[in-house]
Amino acid sequence: MSKYDELKKKAYEANMRIDELGLVLFTFGNASAADRDQAVFAIKPSGVSYDVLKPQDMVVLDFDGNILEGDKRPSSDTKTHAVLYKHWPETGGIVHTHSTYATAWAQTLRDIPILGTTHADHLTVDVPCTPPMADEMIRGDYEYQTGMQILNLFEERKLSCKEVEMVLVGSHAPFTWGKSAEKAVYNSAVLEQLAEMAYISLQIEPSVFRMKQTLITKHYDRKHGKDAYYGQK
Amino acid sequence: MSKYDELKKKAYEANMRIDELGLVLFTFGNASAADRDQAVFAIKPSGVSYDVLKPQDMVVLDFDGNILEGDKRPSSDTKTHAVLYKHWPETGGIVHTHSTYATAWAQTLRDIPILGTTHADHLTVDVPCTPPMADEMIRGDYEYQTGMQILNLFEERKLSCKEVEMVLVGSHAPFTWGKSAEKAVYNSAVLEQLAEMAYISLQIEPSVFRMKQTLITKHYDRKHGKDAYYGQK
Amino acid sequence: MSKYDELKKKAYEANMRIDELGLVLFTFGNASAADRDQAVFAIKPSGVSYDVLKPQDMVVLDFDGNILEGDKRPSSDTKTHAVLYKHWPETGGIVHTHSTYATAWAQTLRDIPILGTTHADHLTVDVPCTPPMADEMIRGDYEYQTGMQILNLFEERKLSCKEVEMVLVGSHAPFTWGKSAEKAVYNSAVLEQLAEMAYISLQIEPSVFRMKQTLITKHYDRKHGKDAYYGQK
Amino acid sequence: MSKYDELKKKAYEANMRIDELGLVLFTFGNASAADRDQAVFAIKPSGVSYDVLKPQDMVVLDFDGNILEGDKRPSSDTKTHAVLYKHWPETGGIVHTHSTYATAWAQTLRDIPILGTTHADHLTVDVPCTPPMADEMIRGDYEYQTGMQILNLFEERKLSCKEVEMVLVGSHAPFTWGKSAEKAVYNSAVLEQLAEMAYISLQIEPSVFRMKQTLITKHYDRKHGKDAYYGQK
């Protein structure tokens, strides 16, 4: 028994869920869950197959990436998670996948344009994609810099991490987050769906234009605005 | 026990079926069933996951959108259903999904062209797509206006809701309907298939032309004409 | 008990198999099996769902399309099956589906080009597609004329129905056949795979050229030639 | 009992796994496993369905392709496996499939460009595709020549079979390999994923460029370099 047992269970369940949702091939993904009171997060161990993964395999770290509990190596992307948790205090869960369509967009270094209400139900802007990373950052503390690059992009574009819960890391793959690990998983599945639909729309109509701003606002607000009427009270 | 129990069961089953058919991600869709004698319809509650949905969760409303029974909020798209039921008296069921290919077409604001007999077996015209909605309609009673926009499109194009049981709402997603909720569900799956096939055909041959009118008529009539010979008597 | 029981079982199993292989949505397809000694074939009844289909539902007809046994209406495409059985005496089974990629190619009225060994393992030419049917043929005995059109195409192009066991009917969908119903089902799945691969290749490289004739011959002969060495003796 | 029983079990399991992973339609693929101490390999029998395949069906051969044990014909591609095992002494398993996206790329005779980290996690160059084979090689000992062509391509491009564990055979389909049959199977699934993602990226952005060399090196090294930190120690 450990004071992190509940947190490890949450992280474990989020990892199993991204596999069930078809968002990962083999071990190409990882999910983490944070406990803000204890200022720690639990993450998948690196390269361990979903077939054999157990809650107790989760590795617990602080937001500077120091291991507090766990006898396995954490995910190779752990420092990216740590950086985001450290700078975005509302974040309770983070998910990284190489899901097919979102990753294909990331490989083109293009934002995913906002073309319909499925997108606007979740965010009011294009899904942002980070530019190529500078060589010295890649050669340096790469995973830490990946996190910094996401933070910088959000700052430059004046995006709120509470309103935009997903990003494409250019030439790499998506990261999503949310108030909880469960919400971060949900966002990964939503992003993959938005990425697939935008891809198809673009093939049908290469000159496809963004949807109207009023419609974006309407759909976002009916789910997230102060007078939201989507879902149960 | 309530006089709406049978109706709620029908609506419930239609909702479960669109999930089984792979037409919805999470809660991105809703189905309703109407009882013409009682002048009411039952619809999915808003944002409730298919895992936990039960027949008694269905919300019953009249065709003006007033809630008659149910302790949950109805689907956020309820007023669109209500408007269509009110103006199209033969309609017994309505389904709304964000199915991948149909939604991708809706995002391009293009009709789905009639290219083959799979399409002509079900309708004799392109699947119509509504134009962008005016700002004041979006800001106003949006879901009601969505229904009105569908009605207006059908009137302008002189389409019959008994012959064309599907529509794309531009920048949004499809709605389908039919004599029963079961038929509306069937139409949602057919639409997704037509949308996928037309997409692929268009990629193979960008200058793809519509099929011959005689072949359209032949296929529609062998299923729906007065001397129809498809199916059992 | 009837002298057609075994044949009906074969036809039933072929119909169930095309559903299992994901080649049909709802009832958009039909399979038949022929008994050459009795000069009859058994085919799926029209519009009956695979959920409730039973072997005894199969309808037995002669090669002129006259019903010999069965209390249900046969498939609306029955006459096409009959014509092919009548003119191609080696054919023991026929399958018609609206499988996604093959149908999308049929909608473009284009042959599926032979691009690789997966194709050449099964046939040495492009999968042929019939041209649009003349209006008087559509308005006349349509399903009979569909069969005649396939026969005419094979005659014009000097194709052998024993070497080319698949065709696209333009603006419609594929038909496949073989020595047995089981082989015809196999060919439907192979055709769908060839259609999907050719589609993707064409998107990657629009100027994609046919594979070398020597390689076509090699692959076809190692499976079908007199010194074939594929499979067990 | 035979001294090859364990090897045959490994080959059997690899064959079953490529079917489970959705990489083969019917019998369009084969896997083999080598025992370097005994200088033999076990491979799938030709054309035997996965439904009925048993470990004892595997055929055991030496690296010149002579059958040592087994009463069934080995896969028609056996000589390609033999050639690769003979020349690449570190190879413990080989897999051949006709998986959809990888085969579609092979049909275009184009290398799969390295566009993202999913690719760079596994190899640092484009997935190489062999040029069309000369007629006399096709007409001669075709499967042996297929192996030779792969070897020649790797020599010409100065590729190491330990660093690049996958190839497209032009107009045909992919081969993958690895230290074990299990790793070869893994590589087949990875290749299919890379092929699909590169395809989608290319459709979104036809002028898509390769990713940065520093990022390629970083990702490859964190998994395979001397200071690798991916996975467990």
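Which chain is which? They are A, B, C and D, in the order written, and residues in each are numbered from 1.
Keep in mind that, in the parts below, a contact is a pair of C-beta atoms (placed from the backbone, for glycine too) under 8 Å apart; a residue touches a chain by one contact, two chains touch by 3 or more.
Fair warning: this is a prediction, and the values are worked out from it, not measured in the lab.
Q: Which chain has its C-alpha centroid at the greatest distance from the C-alpha centroid of chain D?
A: Chain centre farthest from chain D's centre: B.
Q: Since chain A and chain D are copies that touch, is their contact same (over half of the numbers shared) or different (under half)?
A: different
Q: Where the CA atoms of chain A average out and where those of chain C average out, how many Å apart are those spots?
A: A distance of 46 Å separates the two centres.
Q: How many angstrom between the C-alpha centroids of chain B and chain A?
A: Their C-alpha centroids are separated by 33 Å.
Q: Multi-chain contacts in chain A: which residues touch at least two other chains?
A: Within chain A, the residues that touch at least two other chains are 199, 203.
Q: Hey, which residues of chain A end up touching chain B in the complex?
A: These residues of chain A touch chain B: 115-118, 121, 186, 189-190, 193, 196-201, 203-205, 208, 211-212, 214-215, 218, 222, 229-233.
Q: Hey, which residues of chain D end up touching chain C in the complex?
A: Residues 25-26, 28, 45-48, 72-73, 76, 98, 100-101, 103-108, 110, 132-133, 135, 138-139, 142, 171-173, 199, 202-203.
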